[in-house]
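The data blocks that follow each hold one structure.
Presented sequentially are two complexes of chain A, the first with chain B as partner and the second with chain C.
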Partner chain A sequence: MSTKSMKVGEKIAAIQTAMMKKMRRVSPFSIAMSTPMLGYQVIFFLIPVCYIFLLSLYRVEFFATVPAFTAENWIHIWSQDYFWSAFGYSVLIGTVTAILSSVISLPIALYLGLSQSFLWRFLCLGIVIAPFFTNFVIRAHTWRGILGESGPINTLIRYVGGQSIQLVDSLVGTIIGTLSLSLPLVLLLQTLSISAVDRTLISAGLNLNARPVQAIFHIILPAARVGLALGFAFSFVLSFGDFISPTIIGASRPPVLSTLLVEQIRGGNHWPRASVVAVSMFTFLFTLVLATILWAYKEPGGEKK
Partner chain B sequence: MDKDRSSRTEVNITPVSTDGDTPAGPTRRNFLKGAIATGIAASVGPWPLTYARGTEQSLTWLAYPGHATEEVVGAFQKEFGVEIKSQEFSAGERMLALINSSPPGTFDLVMAGTPYINILAQQGMLEPLNASDYPMEDFYKEFREWPGLSLKGTPYSIPTTWGYNGLAYNSDLYTQEDMDSYSIMWDERLVGRLGMRDWYLPVMGVFSAYQGNKNPYDISDSELDAVVDSMNEVAGSVTGFYGFSGVFSALADGTAHVIPGCGDWITGLLQRDGHPIRSFAPKEGAISWMESNSIVGKSQNKKLAKDFIRYLSSPEGQIRTIVKSSYMAAGVNRKAWERLNEEMPKEAEMVSMKLDSYNILDMLREGRIKYRTLPKQQSMQVWQEAYSRFQKPT
Partner chain C sequence: MSIISARSNRILLLYYIVIVFFLFSPILMGFYFSFGEQRFPSFPIDKFSLDWYADAWADSKLLDALQRSALVAALVAPTATILGGLGAYADYRYRYPGRRFALALGLMPPTIPVLILALAFLAYLSELHLTASLYGVFIAHTVICLPFAMALIRLRLSQLDPELESAAWNLGAGEWRAFLHIVLVFCRPMIFVSLMITFIISFDEFTIAWFVSGTEQTLPVKVLNMVERQSSPVINAIGSITSLFTLAAILIALLVIKRLDRTKWHD
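Presenting the complex of A and B:
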């Protein structure tokens, strides 16, 4: 490299360092820019979570919630076998849905993300997010109709001489519901992250005689790791806490944490115990998502991006 | 009552009429006054309830969903020139929480299942009623003496509509004779076809009745264990646990062939849509539910509230409530029965109110329908938790 070019490089590096320092400095401008976000987080996240936690320490007397400072709701719920059973099934549904939605979306996301035609990609993504324009309760009822005893699948099976299979009121039905909920989001996140991968890296790999499969696994997927991990995490979050699929399609077979939460309110108006379930769910999900994000933003060498 | 109805409608907001002396144009003083008034209103309590508070032209009714609709209350609103505003709730426990946590006078009337009404009467929240103010002489005797309507001989509530929770079944696959006993739930044909409601009270009530308990909700710990054991015996046949809408779809699409803890209030609507779904009270006894109306003690509109209950008790109000589109129910007024049989014989059949055949009143008189109460010897949470364990896969 020539001396002249080194000087230019040094200059650019110096400018970048100065900009970073400036950005890190707390200025009135930066405070003004971050205040709405901070306010949003405080109002819509921190205060409700603190309130729910506080509620979990309250008592119920004569169907009314009264202020108290007791851990008995926590001890009670955490010592119930049905709580841990529901927790296990929620984790199972979340994990299976996240894996399936990530695996199913990936080929489509690769195709769309690497597509040269912006218009085609835009059109396909529009179709992908189209289900979001309908209410999920309606979609769940529709799925129940499709998968049910008199739905097209079982009708076809019976028509060809088979015996109908139970797809609704089961774990399978619930997972189909959670998949339909999270699949569009995972596909969107994966497509956007893959389309943002630097094409020169892919070209360089192919020029060095990498096969397409090698390019996918050694260049594209590592480079798009953040989006892929976020897609997995969001899919887990959505399906772990979903109430609609387990009740409408799965008919609480098996019961999960979200259904257990509602039961606490219906059986004696016990909002404090419902709050224990809610805070437990939130804490678990928050830890999981935080760990996923930290892993996703970590460079292979151990440095954070 | 123990029906699970989760829908909830918004409370109507009626603009408060302004004083005639108030200047029409907006001034800074008026703006400040308005801002202060808004601030005070906001701090008084939950907004919807503040707005829903009764005025001379309106009645605020704490009721189950589907009652404060035009089809039910429209005639009363027109005749009396008032507006019925409703705050809806899905379960009796929620009603108790709502009324206990709202400022006095928020509600003029409350409609709920009699066990919950009785709790309110014990709390001193209800206005004692004079039975002669209501057309009780037109009621069948059974409903004048229904348990829970009075406290120490003083009436606090007027019954409106009722029904039972027994067995709902697919009449193309099973006969009424099959439903003569809850033992049908152990039938081999029902493996994987036995539905359950996701609400513990009606289901555990019918299993308790099956165990031979005279009062299904007043049982000892060992009797409760026996109830849970019998539930666990059929756990392997259970296809799913359904909420209100789930019961409809599971019966309609054939996923479930029999569901305990259901009655005409569900199957009537399915029959209306042409589904071969019926309900029956087995010989061991179905569980009743009774909706009754009471005037809240702190109401400022007691006279109007009385007129409204009179309307709901009249043949006109009764028929409108019986055939309403949210769910069907049987009536308590003899004249309403007669009119329904004359004018709407199909609907009368759907809710087992046919006068010329075996009907819901006959079931009650034969002891096939048992009175519903809350769990007496254990807390509701104990029953709820037993049901949660029953739902847990083994």
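Presenting the complex of A and C:
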């Protein structure tokens, strides 16, 4: 009996090693499965993104871009005051939007993540995510109508006897636009991370007489920290780099980095200078997101890995 | 053990509805404005009309742009789904050096502002003489749609017991046959969802198409040109139709996902 069960055990072990071998084996099949995506993304994503680093060192002669190795585009862009003011406004829009969207979505994330059935959570999340996929140019254009002089908001204000307020062609309008752009994503990330918090941790806290508010701030939010940080970071990235809302709703008042980049392309046809703006944006965001993620994973307390 | 009381639950539900209203207000109001007779969006509407829909329908350049967008999206969806699906399968099945690199490369594009990507595609594709054409838009849209396909199908694969496939191998099925009969069949609903999602992402994408398409304007690019020239309710009319289309696609995708086997979705 025991030898027989030994044999079964050995067989299972043998099958498992065979499976492990298959997971590492190189065959026509494994190559056909693993190379197309990798190849495509290297050729059409990694190389193009690296290429703008190189392009920022090129020179423009008689309206044509020629390969060179010069820092003059960098010096030109970085010495302009409007570059730094645009940078400041982009950071402002990114920060305000990220804070607002994180704070606005947190109650909903707690509501959906903690107390709802799977089906209800799924439905409610589906509804808030749906607008994310609709055309943002069109949504921004309608925001202009809503926030404008003759839109419903100002009509209502005048109806109750107030002075109409300037919402379009300003930072306020731009931020309303970027908020509606990034809120669905923040909601998704926050809800998923809160619903993944270990329930026994929460009931342990409640059993130890923690009040709900204490449980939320001392157990749930620290445990869901990674998702919250990612939500904040992505909201920042989306609104920092957005071109549509500052252009259509804000009418480039004040100009931001993305409008500056587009001006270099559309107006000046100066790709190397546009690349300087793009690489500056990319490097800044990359550092920021990396720092956020590292901080979120490192912070002591909460769920142990 | 409920941490949120019934009363706060009701308040939170109300708050949720307010936020949904905020997110949907540009879509709903666009719909409303599109029926107004005046040229400038105003509230409330004095007189209802369907003129702007008729104008949109009569604009042949607009219909051309619509056709281009649909064509590109129809090509991007299967390409991105196949590439992303294979990437997801390779990540699920194999342990190889560079696996994390491949995963990062597959999922990274949506985390970079589209404007930066648009410039990168414009510069790189013009070296390959692929700008000012729909080929360029197709190539670039595949890059940004592929991550969504990969994430969706990888999610589905994580519900598939890896032993099922190796059982098929032990029963004598080859790798290809096991893949076709087990993995592909299991992933079929998610492949459908991926096709829908990637289609609408490409269909509604503006910035990259704006940089790369040249004179071959897609619908969102055409719309921006109209916005820049003059605010017109025709834009609201087009917007209403495309938004309805997008929302319907999302709804169908959600229904398909909801019907999937949920054994591993529960906590």
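Keep this in mind: the second predicted complex is superposed on the first by the 253 of 305 C-alpha atoms of A that agree within 3 Å, B and C clash if a C-alpha of one lies under 4 Å from a C-alpha of the other, contacts with A are read in each partner's own complex, and residues count from 1 in each chain.
By our rule, a contact is a pair of C-beta atoms (placed from the backbone, for glycine too) under 8 Å apart; a residue touches a chain by one contact, two chains touch by 3 or more.
Values in this document were obtained by computation on a predicted structure and should not be read as measured data.
Q: Would you sort A:62 into first (chain B), second (chain C), both or neither based on which partner it touches?
A: It touches chain B, and chain C stays clear.
Q: With the two structures laid over each other on chain A, which partner does A:166 touch: chain B (first), chain C (second), both, or neither?
A: After superposition on chain A, A:166 lies in contact with chain B alone.
Q: In the superposed arrangement, which partner chain does A:282 touch: chain B (first), chain C (second), both, or neither?
A: So A:282 only meets chain C here.
Q: In the overlay, answer first, second, both or neither for which of chain B and chain C A:47 touches.
A: second
Q: Scan A:141 for contacts with chain B and chain C and give back first, second, both or neither.
A: After superposing on A, A:141 lies in contact with both chain B and chain C.
Q: One more residue to check, A:253. First (chain B), second (chain C), both or neither?
A: A:253 contacts chain B only, not chain C.
Q: Once the two complexes are aligned on chain A, which partner has more residues of chain A within touching range, chain B or chain C?
A: Of chain B and chain C, C contacts more residues of chain A.
Q: Kindly classify A:80 by the partners it touches after superposition: chain B alone (first), chain C alone (second), both, or neither?
A: In the superposition, A:80 touches chain B alone.
Q: Taking the superposition on A as described, I'd like to know which of chain B and chain C A:27 touches: first, second, both or neither.
A: In the superposed model, A:27 contacts chain C only, not chain B.
Q: A:71 in the overlay: touching chain B, chain C, both, or neither? Say first, second, both or neither.
A: Neither: A:71 stays clear of chain B and chain C.
Q: Do any residues of chain A touch both chain B and chain C, and if so, which are they?
A: Residues 141, 144-145, 148, 150-151, 248, 265, which sit in both footprints.
Q: Would you mind writing out the residues of chain B in touch with chain A in their complex?
A: It comes out as residues 4, 90-91, 93-94, 96-97, 100-101, 123, 192, 195, 198-200, 238-243, 245-246, 249-250, 253-255, 379-381, 383-385, 387-389, 391-393.
Q: Applying the document's contact rule, which stretches of chain A touch chain C when the two form their complex?
A: By the definition above, chain A touches chain C via 15, 18-19, 22-24, 27, 29-30, 32-34, 36-38, 40-42, 44-49, 51-52, 55, 104-105, 107-108, 110-112, 114-115, 118-119, 122-124, 126-131, 133-146, 148, 150-152, 155, 180, 183-184, 195-196, 199, 202-203, 206, 212, 215-216, 220, 234, 237-238, 240-244, 248, 258, 261-262, 265, 271, 274-275, 278, 281-282, 285, 289.
Q: Using the touch rule from the top, collect the residues of chain A that touch chain B in their complex.
A: Per the touch definition, chain A meets chain B at residues 62-65, 80-82, 85-86, 141, 144-145, 148-151, 166, 168-169, 247-248, 250-255, 259-260, 263-270.
Q: Inside the complex, what are the residues of chain C that reach chain A?
A: Within the complex, chain C touches chain A at residues 1-5, 9, 12-13, 15-16, 19-20, 22-27, 29-30, 33, 40-44, 82-84, 86-87, 89-90, 93-96, 98, 102, 105-106, 108-109, 111-117, 119-125, 127, 139-140, 142-143, 146, 150, 162-163, 166, 169-170, 175-176, 179, 197, 200-201, 204, 206-207, 211, 220, 223-224, 227, 231, 235-236, 238-239, 242-243, 246-247, 249-251, 254, 257-258, 262, 265-267.
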